[in-house]
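Have a look at this one.
Residue numbering begins at 1 within each chain, and the chains themselves are lettered A, B, C, D, E and F in the order written.
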Amino acid sequence: MDFSQFNAAEQAHMSRVIEKKQMQDFLRMYSNLVERCFTSCCNDFTSKALSSKEEQCMLNCADKFLKHSERVGARFAEQNAVGPGLSS
Amino acid sequence: MSMFGRGSSAPSGAVNNERIEMAVQELDMVTDVFNRLVSACHNKCISTRYAEGDLTKGESVCIDRCVAKFFEANKKVGERLQSVSANGAPGGGPLGM
Amino acid sequence: MDFSQFNAAEQAHMSRVIEKKQMQDFLRMYSNLVERCFTSCCNDFTSKALSSKEEQCMLNCADKFLKHSERVGARFAEQNAVGPGLSS
Amino acid sequence: MSMFGRGSSAPSGAVNNERIEMAVQELDMVTDVFNRLVSACHNKCISTRYAEGDLTKGESVCIDRCVAKFFEANKKVGERLQSVSANGAPGGGPLGM
Amino acid sequence: MDFSQFNAAEQAHMSRVIEKKQMQDFLRMYSNLVERCFTSCCNDFTSKALSSKEEQCMLNCADKFLKHSERVGARFAEQNAVGPGLSS
Amino acid sequence: MSMFGRGSSAPSGAVNNERIEMAVQELDMVTDVFNRLVSACHNKCISTRYAEGDLTKGESVCIDRCVAKFFEANKKVGERLQSVSANGAPGGGPLGM
């Protein structure tokens, strides 16, 4: 996105909006990650304690999810153009 | 007085927008986690036959364990993310995080 | 959550925000419940009328969903601390 | 003039924020229900083979019945929730409902 | 929905809100459509190029999704009353 | 100065609300698409066994192809929708689109 046509006040405003959105996106990504990994890793409810196998699965799942998101983000940035014909 | 204004030293009696915004963000986060918890444990514990309107004994016990396990799992992931983000940027986003 | 460090104007503001959010959460929970129960209970589209079996299933599903949400809410309140290491 | 202000007796010609807020909330509710209806009936009625771009006769009939049934199901649940909430608090939320 | 009890300023305000919401709804519907069709149509990741079969599936899926939404919208408008007992 | 105000010829130095609103809407759109892309390609490419925390070679290659294919698919659908909406109203919504 290109905000170069914005004046200084508008650019300052957009920086604050983007900063706030990044925090919201991060929190949303985090709770999405926990839900997704919990769904995949935890299937035994005969105990309330996380087994060591479940814990390892959660940690691997979280690590992999972050690396997945980063890789998608890198490819996304390369492609850059989103929804051609809609956004332009 | 913009809705995005951030006066950080408001006199007492005035509303500090930054403080309000952070509190609202925390509320949103708690609500989001709660809704996902309800959904995850419903999927894990509730039979979809719906032969009765009450929770069965088995479902009730499963819910309690599911919530406890979800909290523990959430805690482990939180600790992991903190150690990751201490070493660099956390995750990838479209806004260049 | 603890709003004790807030001044009176801020506390009044937060009360209104929370009140509004509760209504939104309730409406969202309601439509989520209907979608979820409809998906589980209604599978015969040779007729447009709700069969008595489908109706009973919807009512049981709604009752059970509410009791489930209440129980999760009670356990959630006990655990209280959310996303440790993130919110603190 | 806060974005959360609630003057309840605005002079005619002025915008009554509370009324606007309630109307917006109702719009959001209708949109949410509609989106869930589209999704639910798509899952029930539309074959995922996508051999053609038009709705088949069977799919069209299914959609009509699905929407009618969804409305009836929604009505029954609404009545049930009204009788429940007349007797006490409806459901549990993280914000202490 | 009936905004007839609104004064002129309020009606003008609601028109802008509705106009903005329609754009948001359209964008959300669009990305939802792409995700749904992609999930159904694209299952071969031995190549990065869209095969002609996948492309045809995407186009049929998009066309069908729009016709489905329109038909649901028409029936929805007929039924009109939403969540009786909640909205009234 | 309403939060929905739309002064379209603000003096330089002032914030043009309409321009800001459109930029925020575009940000929301990009974020929404990105989140769906992450979800779709995770479902397509990542094994749910979680035997290790690193992406395997196969998963990495799959992600790259998945993103490229998603963009191409998105482009085709975008072109289709443009030709449809050039001929009339696009899709049906509850707000009378």
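Note that in this section a contact is a pair of C-beta atoms (placed from the backbone, for glycine too) under 8 Å apart; a residue touches a chain by one contact, two chains touch by 3 or more.
Just so it is clear, the structure is predicted and the values come from calculations on it, not from any experiment.
J.: Where does the B-C interface recur among E-F, D-E or C-D, taking recurrence as more than half of the contact pairs being identical by residue number?
T.: The pair repeating the interface of B-C is D-E.
J.: What is the chain whose Cα centroid lies farthest from the Cα centroid of subunit F?
T.: Farthest chain from subunit F, going by C-alpha centroids: C.
J.: Hey, which chain ends up farthest from subunit B, C-alpha centres compared?
T.: Between subunit B and every other chain, the largest centroid distance is to E.
J.: Residue numbers at the subunit B-subunit F interface: does the shared fraction exceed half, giving same, or fall under half, giving different?
T.: At the contact between subunit B and subunit F, which are copies of one sequence, the residues are largely different (under half shared).
J.: Can you compute the centre-to-centre distance for subunit A and subunit D, using the mean CA position of each chain? Integer Å is fine.
T.: 28
J.: Let me have the rounded angstrom distance from the C-alpha centre of subunit B over to the C-alpha centre of subunit D, please.
T.: 24
J.: Need the CA-centroid distance for the pair subunit A / subunit F, whole Å please.
T.: Spacing between the chain centres: roughly 14 Å.
J.: Give me the residue numbers in subunit A that touch at least two other chains, ranges are fine.
T.: Residues 13, 17-18, 21, 25, 27-31, 37, 41, 59, 62-63, 69, 71-73, 76, 83, 86 of subunit A each touch two or more of the other chains.
J.: Please list all residues of subunit D that touch 2 or more other chains.
T.: Counting only residues that touch two or more other chains, subunit D contributes 1-3, 15, 27, 29-31, 33-34, 45, 64, 68, 74, 78, 81, 93-95.
J.: Quick one: which bits of subunit A touch subunit F in the complex? Just the residue numbers, please.
T.: 1, 3, 6-10, 13-14, 17-18, 21, 25, 28-29, 36-37, 40-41, 57, 59-65, 67-69, 71-73, 75-76, 79, 81-87
J.: What part of subunit D is in contact with subunit F in the complex they form?
T.: Touching subunit F: residues 1, 3, 15, 27, 30-31, 33-34 of subunit D.
J.: Of all residues in subunit B, which touch subunit C in the complex?
T.: Within the complex, subunit B touches subunit C at residues 12-16, 19-20, 23-24, 26-27, 29-31, 33-35, 37-38, 41-42, 45-46, 48, 50-55, 59-60, 63-64, 67-68, 71, 74-75, 78-79, 81-82.
J.: For a test of understanding, state which residues of subunit A touch subunit B in their complex under the given definition.
T.: 13, 16-18, 20-35, 37-39, 41-43, 45-50, 54-55, 58-59, 62-63, 66, 69-74, 76-77
J.: If we count contacts the way the header does, which residues on subunit F are in touch with subunit E in the complex?
T.: 2, 4, 6, 21, 25, 28-29, 32-33, 36, 39-40, 43-45, 61-62, 64-66, 68-70, 72-74, 76-78, 80-81, 84, 90-97
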